[in-house]
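In order of appearance the chains are A, B, C and D, and numbering begins at 1 in each one.
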Amino acid sequence: MTLPDFNTAADEICRAGMLLDARNMAPATSGNYSMRLNDGAFAMTVSGHHKGRLVPANIMRVDARARPLEDKKPSAEALLHAQIYRLFPATNAILHVHSVPGAVLTRLLKEDVVLEGYEMLKIFPGIATHDVRVVIPVVGNSQDMEELSAELSKKIKGDVPAYLIRDHGFYVWGDTMESCVNMCEALEYLFACEVETLKIKAGARA
Amino acid sequence: MTLPDFNTAADEICRAGMLLDARNMAPATSGNYSMRLNDGAFAMTVSGHHKGRLVPANIMRVDARARPLEDKKPSAEALLHAQIYRLFPATNAILHVHSVPGAVLTRLLKEDVVLEGYEMLKIFPGIATHDVRVVIPVVGNSQDMEELSAELSKKIKGDVPAYLIRDHGFYVWGDTMESCVNMCEALEYLFACEVETLKIKAGARA
Amino acid sequence: MTLPDFNTAADEICRAGMLLDARNMAPATSGNYSMRLNDGAFAMTVSGHHKGRLVPANIMRVDARARPLEDKKPSAEALLHAQIYRLFPATNAILHVHSVPGAVLTRLLKEDVVLEGYEMLKIFPGIATHDVRVVIPVVGNSQDMEELSAELSKKIKGDVPAYLIRDHGFYVWGDTMESCVNMCEALEYLFACEVETLKIKAGARA
Amino acid sequence: MTLPDFNTAADEICRAGMLLDARNMAPATSGNYSMRLNDGAFAMTVSGHHKGRLVPANIMRVDARARPLEDKKPSAEALLHAQIYRLFPATNAILHVHSVPGAVLTRLLKEDVVLEGYEMLKIFPGIATHDVRVVIPVVGNSQDMEELSAELSKKIKGDVPAYLIRDHGFYVWGDTMESCVNMCEALEYLFACEVETLKIKAGARA
């Protein structure tokens, strides 16, 4: 895998934002995206911009601890990106997005989200059959990134490169930005299937 | 903050309409949008045009009391815009949009809409944590703008720059048109989360 | 009102198809659209084409009784267009579209669809307030256009220029194609609000 | 019917992917598409690409038993395409897509999916009235294509050119790619109507 330079990464991040926004995973200024660069630094979205309408000037360079390498402000959540790159060194790209069905599932369920039996689960690395039970960990939201990071390090096992933050959104990570966009689309589809099924089951069960 | 001239404001209003229509917040000829101009007047959408297909000729100049400064007809609701500019003098842009989940919430709930625990709430000015309870006031609809305006002046406190009109739509205001579009997207996401959650809870509770 | 020539009408019909398809009101080859021409004939969509990807060659000329004036085949439902032009002579454009929430309402409700209290109702000609009760007639579907036409002539009163056919779709008519597209968007919004509200009420009531 | 050469077929397959992705039937890398060529071979999507962003290089030639005729890898499901071409020799194009409402129906219902009374059913060849009961067979998912193929040969009768795989997606086939895209849009509409109706009925019945 050849790692990209900053300009190539910035273009890929802008394009990812357009694709995700078209599927309603980037409302308002939500989300933050990053990629590992060929010089050891990372490209990351600057805080406060709409991800569906990014230009390269909205992307900045940070180091492995998410500290700015230029005079722009990364999201507070940049620390969660740094944590993933540290825990899973094969990671080259990370997407954090908001999602209506993802948020709804975390509001309704006290436990982790379980996805079972879907062909679509084969999008995740290492999964070769629908006949599998995949657990997407859910952590409580916090504005204290140290606290959130500590809770995450207990919960995420890395068998599936994704987790949900309650009432907030989800993270995915992978070896390319393309695979991350695909995992976002797959999770949005899977969460939508779960929410749609729950609506009918909740009424029928009553 | 530099205020725009009429042509710049008209372009921003047309663009806002395209963005909001793409997210289904501008069906038929619904909605009206305005911006404060650098000469003390206001740019406002002319009544009766589709907001997703606006051209600058569909934008007009009005004064601080929403009276036309050219031979075109503003919406009757222009008075509600004037009220917001008067009550909250830092306001430079206002959007009024229709919304399926927003209308559904006001049809179902007798009270104001309460949004609690969502990360997305941080889009509102002055809110720095998800751990907050935000009340979006709901007022009854009326075709008498004086009556509606009087009810609004009792209900809106300005802590959150948004209110809902029952069976109708919502208003947001802010210092830029960009921030208003972002707040519309955020509210649509939040209202959708609430409606989706209610569907499952209503069935499960029965 | 200046009536269009065939080429202008064909362009307007193609554009209407793109707008309606973008809102999911033209799946597969469903729907048919027509306009009154300045020479007394009518422009109508040829049977069997996708309405979101129309070209002018997919539009044909028919007479006031929906008989082809060129060697192409209009939809069997062209007779329903002719009926509307005959019953309501001020009509210059007609749209028939399919709609998920519209079809769902006719499957669930035995009666006509009642829309009450919505600001959006003001899109219909002659309605100046939300404080109104609008009845959209529902007729049973039939492949016999004479039978369907006879049932329609009993049901439609023309106070609101729209009716639903059960498990099928809806018709709207007006003085311009633009007003018809707006009424389609308004009805889709209103039917969606009704269906979304019913989902929550059905569960809560159980 | 003139069969296409490879380049024409590849263009049609790329376009079908864009249309289906725009309606959310191609999340992540899901789906696979094929067409019969004028030299007796078949054009088929290469495994692992996003169907909404296909380029001709993502299409390959395979023989009638789905064996690669060039150095690229077809999907494992290519065998299911070969089966359909063998069972129904008039078939010139096949689409396999994922669908949220389609997957939800197969998760909820133990039986085949029954579609009854919809005008939209007339999109299927040989159906001339809404007053009909169409059965879309559902087969259990399997990663063993021989097993899946054997179950399918028992279930599919070909009266309607479509079947569902549980928790997975659906197949349609026809004489042109255009007719296949139309049938996908029609099924998505019909499945959505069924799911929306079930949501309200489940709550009301409880």
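By definition in this document, contacts are C-beta pairs under 8 Å (C-beta built on N, C-alpha and C of every residue); 3 or more make two chains touch, one makes a residue touch a chain.
This structure is a prediction, so every number in the text was calculated from the model and none was measured.
Student: Which chains are shared contacts of subunit B and subunit C?
Tutor: Touching subunit B as well as subunit C, we find A, D.
Student: Write down the chain pair with more C-beta contact pairs when A-D is set against A-C.
Tutor: Looking at A-D and A-C side by side, A-D shows more C-beta contacts.
Student: So what's the Cα centroid distance for subunit A and subunit C, whole Å?
Tutor: Centre-to-centre distance between subunit A and subunit C: 43 Å.
Student: Taking the mean of the CA coordinates per chain, how far is subunit A from subunit D in Å?
Tutor: Spacing between the chain centres: roughly 30 Å.
Student: Where in subunit D do residues touch two or more other chains at once?
Tutor: Only 199, 201-206 qualify.
Student: If you look only at subunit C, which of its residues touch subunit B in the complex?
Tutor: 23, 117-120, 123, 128-131, 178, 182-183, 185-186, 188-189, 192-193, 196-197, 199-206
Student: Given the complex with subunit A, which residues does subunit C contribute to the contact?
Tutor: On the subunit C side, the touching residues are 199, 202-203, 206.
Student: Could you pull out which subunit C residues touch subunit D in their complex?
Tutor: Going through subunit C, the ones touching subunit D are 24, 27-30, 50, 98, 100-101, 103-104, 107-108, 141, 143, 165-169, 195, 198-199, 201-206.
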